[in-house]
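Two complexes are shown next, each including subunit A; its partner changes from subunit B in the first to subunit C in the second.
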Partner chain A sequence: MLLRCTINGEEKSLEVPPRKSLLRVLREDLGLKSVRGDCHSGVCGSCLVLLDGDPVHSCLVPAFRAEDTVVTTVEGLARSRVYGALRSFLSENRLPYCPYCTPGLLLVVTALLQKNRNPNAADIREALSEILCSCKGYSTFQDAVLQTSRNRFR
Partner chain B sequence: MSSPNEHIEFTEDWASADMLLGRVIRSPIENGSILEKRSDDLPEGCLAAAAGDIPGRNRMKLYDGEMPFLATDRVCYLGEPVMLVAGPTEEHLQEAAARISLQWREEPFVREEPPYETGYTKGNCSRAFKEADHIVEGRYTCGSHAPCSYRSHTVVCTGDAASGWTLYTPSLHPFELRDNVAALLGVSKTKVTVRVPGTSHGTAGYVSSVLAAGHAALMCCLSGRPVRLALALGESRRYGPRRFPARVHYRTAVDAEGTILGMEADLVLETGGHGVMARQALTRAALAACGAYSCDNLHVTARLETGPRPPYGGGFGFGEPQGAFALERHASKIAETAQLDPFTWKKQNLFRSGPALPLGGRLATSEASLAVLEDVVNRSGFVRKHAAFEAAKKRRRSIRDPATPLRGIGLAAAYHGVGSFPGRAKEEPCAFKVLLDTNKKLHCRCSFTTSEPAWLYPAVAAEILGIPESDVEIEPVDTAQVPNSGPSVGSRPGYIGTRLLARCCETVRKKRIRSLPPIEALSRYRPKERTLWDPDGLKGDPYVEACWEAAVVQIEVDPVTMVPEWKGIWISLDSGYADAREKSELESSLLSEAAYAALKEPSGREPVSPADEPWSRLCFGFRASEIPPPQIHMLAAEDKPSRKKGLGDHPVLCLAPAYANAVSQALGHAFDGVPVTPENIEEALG
Partner chain C sequence: MGDARRQTPVQSGRPGKIHRPQHLNELLALYSRFPDALLLAGATGATPAGEALQGAERIIDLTTVQELKRIRRTDRFMDIGPALTISRILSTGRHVIPRVLYDALRSVGSPSLRNCATLGGNLALASPYSCPMTALLALESRLELRTTSGSRWLPVSRFAAGHGKTSLRRGEVLTSIRVPLAEWNLGVFKRVCTRGELAAPAVIFCGIGRLAKQEIQDLRFAIGAVNPTGIRDRRIETPLVGQKLPLSGREIDGVCAQLGELIEPVSDPFSTPEYRRITAVRVLRWFIEELNRYPVYSF
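Coming up: the complex of A and B.
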């Protein structure tokens, strides 16, 4: 079947089998390697992408569900101000960029800040829970988001 | 700004036209004989390998144990690697695997004599028991535990006999891995290079990372082509590393004030099919049998037991968490018998400066024990809450009354070793190199592969050389380029690594006065005689340093569902130098330990359907929003990064016992095993 959608700002038109997951289309057909499939059960969050601005586990989403939507992966965040601010925070604090969990964390935070300009710690923690981070923990990211939202919307 | 992921290539995505994909064929039975191994009629371009194809030694030797890379004529655990297949595509691989024919004769597993026993006696236990006012007895169990990691494990091997082989693999001990692969291939160590890319994180730990690397190298050697072996997450977790399950029996003589007069302890650690690294864990657990408490009369027996499960492989605390759980649950019972609140009892019995380890070894900085205990008790309001929950328990009419919340709070304290070696210290190499280049950038070369080097080493270099942290580069681990710093275990990257780096930086600082860059410096760790740990003779100190910790966990059990909800976690640590970045990392460890304490263990069997093993939740543990943000306080006695103690995996020893103590208080029933799940609670309460 034909899938038409916007991926990271580019309009795409792809022939996809009906049962193929969005994860496999993004990774195998479009080469977006930041989207990973580890648990394949919607738990770990390494496959997380934004579908019309909402975080979804792409391993659980059939590709055809992306018809006429806007899909964003971390590659598509490069020009986002939120992304820039968060990356600067990580860099200034010498926190390593983990290619496994950082993309998903950046995506959920971007989605959160687009909907809630002034999230509290509980909102942030709930959003970050979409991603299982086994390296940095959540407090650092929570601080980064709080600081970013304060600086951005002050 | 571009996305960093655009420039990252995960090891599992590496591909070349001639690359083969590999797969491990595993035993579906727990114990038995292999009657036949056939690999006829494989698809074109595919390869199969069995033990008979190994050109070198079919034994992996890791510190104090060994096991085969591939089973020969018998298997002794579920999932034991029996054959390997390789093919150019996934489809070829699947077809090749389907054409492998294996015949088995399943035999019942019979537990033989313990493969290893140890024990010791200090003072006069029988006299202590005669003089006792109370005798407190308890039996405690700990399940296996896998860390909450979700990353699949991938190894790539390239090269040939002429140029040598290069392995790209996650590893906590790249030089041990290199030596084992060289022995497997029957070549000199110089023919094998191990590189640890940042994108090859895995869950396969100590034992299974060496196994997987050996399997990839063997297929590469036999085929003459690059091989990529990827263990899917489920496979990696089912056959990967776990904490040794344990059973502990304590019998304690106490006087009317609750002071320990004597203690008898019997410890059993299950090793799985092969006891790799188990002696180290057992002996350290035996030595820590009386944990953080003074006891003049001790009788300790300890033994290993094999079982038909994948080798657990040491790690995740080297026996300390199991010992800490049993002892801290037991300590609560002693306090209850003496009618003291747990904090008062601990204050009375904690050893401080002066008393040594049971066999004469030293335990540095023992005065910190009381400081961390008081800190965590004060911050959590433990004494007040404990008394209030006890009073509420006495008032309630029924445990099943939906209107009455079941509240509990638990306290635990322990020390964990820092800077340890899994082998005999004297034989362990440990070196660190730095290079100050002409651009005044400092390059650090070591074989530590944990996260501390990334944030701690720049801080150490900045402290001593006065250069910005951004001018410090930690070079990738490559056994051909970096010195052997030993394994990244026992907080060594944090404790020993920082000290070696500090020495290197001092050398550079002095040389810089007389010479211009480039300046190189090398430092080697020379352990003091007293730190040489001999597990067979139980002599020496098992650790160079100790780090104290205390934890409080507050829970509320739903009277209808019996699901405990975590309401608060407070942890205090004596960490040497404190760094906020480490505090955040500790959260991940705490989530993992919370799963050890409270979630059902995965069965370890291949699931037939998703309903058989809801392993995604079981393996991954809690979501961040299910556990309250832990209140971590590092009691920093030092203000210099070079005085860091290094916390490693350990600073979570106390979480499981504190949780079990809290549930026990809430329900008025002793829960003496982890995990404490709602099912266990229902069963215990009838």
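Coming up: the complex of A and C.
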């Protein structure tokens, strides 16, 4: 079937098999390697993308559901101020840019800050709970989000 | 590890056909023509990597049907479209939907899973571990089921016919979930897990009641994840209605013993049948003992 959608700001039109997941379309057909498949059951969060601004597990979303939607992966966040601020925090604090958890963490935080300009610690914890991270530590990332939201909306 | 091609099972069989009806009449006509088609709501229970989607020759997508994505509220009830995502229902607000249902919906998966999962899909899976199903049982909700030839209303208690089995007839589609809006001044929703929040629960408890002037005016409770279908029995609740608080130890023991007789626990890797039996009775005992502290204890 023909899938038409906007991916990272570019309008795309591509032929996809009806039962293919959005994850496989993004990785195999579009070469967006930041989206990874690990658990394939919506638990690990390495396949997280934004669908019309909401975080979803792309391994669970059939590709045809992306018709007429806006899909954002971490590649599409490059010009976002939130992304820039969080990347700076990671490098200043010498935190690893892990290819499994960091893209998902950046996406959920961007989605959170777009909806809630002033998130509290509980909001941030809930958003970060999407992703299984064993490299950075959730509290460090929580501090990064709080600092970013304060700096951005001061 | 990172390559989806190596992780995802290879698609087999014919390529399959997707139908995306826009309106209810279109959906019902399609489903009566292809009653073996897979009705797909949030797709979180039938992942693209899962067998259900791979095996289906024909898939009908419910999320494009406008009539299934509406919420309507009157003074007496709330009609929830089964194809609405759980996040969308939650976004109507804690004070709009009954509190126990709100808490039950919040306990479904993670926030991003709730962005896809639908309430109708959750019910149609007929899982004993469904939190919303337990809350809807206690709230005495009803479901509208439609075919091209007519419709019928079914209490939630008669919808699940076993683990993974529903009372849906051939060609029938769940089109509305009606939740009565009564005045409850207490509501408790609890989910007991043995292996953390991500695991299937061992016991789900939902209790609601109306207490006034140290008297139980109405009381309902439902228990999920214990039997293959949710437990709700008016015969246990009725003797408590009209009783003055505090309840005696003998009355509490009687209610717990009655519940114990109804339990035929499922066995799975998450918990043993004996643990389920003991915990279900303990949670009920805790709930009733807390009633005795009314109004000191606030739910």
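One rule holds in what follows: the second predicted complex is superposed on the first by the 154 of 154 C-alpha atoms of A that agree within 3 Å, B and C clash if a C-alpha of one lies under 4 Å from a C-alpha of the other, contacts with A are read in each partner's own complex, and residues count from 1 in each chain.
The working rule: contacts are C-beta pairs under 8 Å (C-beta built on N, C-alpha and C of every residue); 3 or more make two chains touch, one makes a residue touch a chain.
The structure displayed is predicted, hence computed values, not measured ones.
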Notebook entry, point to check: If subunit A is used to align the two complexes, do subunit B and subunit C fit next to each other or clash?
Noted result: clash
Margin query: If we overlay the two complexes on their shared chain A, which of subunit B and subunit C does A:43 touch? Say first, second, both or neither.
Written below: both
Next item on the list: Please indicate which partner A:103 is in contact with in the superposed arrangement: first for subunit B, second for subunit C, both, or neither.
Entry: first
Check: What is the contact status of A:126 with respect to subunit B (first) and subunit C (second): first, second, both, or neither?
Finding: both
Note to self: A:74 in the overlay: touching subunit B, subunit C, both, or neither? Say first, second, both or neither.
What the structure shows: first
Check: If the two structures are placed on top of each other, which part of subunit B overlaps subunit C: 399-407, 489-497, 525-533 or 633-641?
Finding: 399-407
Notebook entry, point to check: In the superposed arrangement, what residues of subunit A touch both subunit B and subunit C?
Noted result: 33, 36, 38, 40-43, 46, 99-100, 126, 129
Margin query: Under the stated contact criterion, what part of subunit C meets subunit A in this complex?
Written below: 1-5, 7-8, 11, 15-18, 20, 40, 43-44, 47-49, 53-54, 56, 59, 61, 63, 87, 109-113, 115-116, 198
Note to self: For a test of understanding, state which residues of subunit A touch subunit B in their complex under the given definition.
What the structure shows: 33-34, 36, 38-44, 46, 74-79, 83-84, 87, 93-97, 99-100, 102-103, 121, 125-126, 128-129, 132-140, 142
Item checked: Of subunit B, residues touching subunit A in the complex -> 1-6, 8-10, 13, 147-152, 198-199, 201, 233, 451, 454-455, 458, 469-470, 580-581, 583-588, 592, 610, 616-617, 620-621, 623-626, 629
Checklist line | Touch list for subunit A against partner subunit C, complex | finding: 1, 17-21, 23-24, 27-28, 33, 36-38, 40-43, 45-46, 48, 51, 54-57, 59-62, 64-65, 67, 99-100, 108, 126-127, 129-130
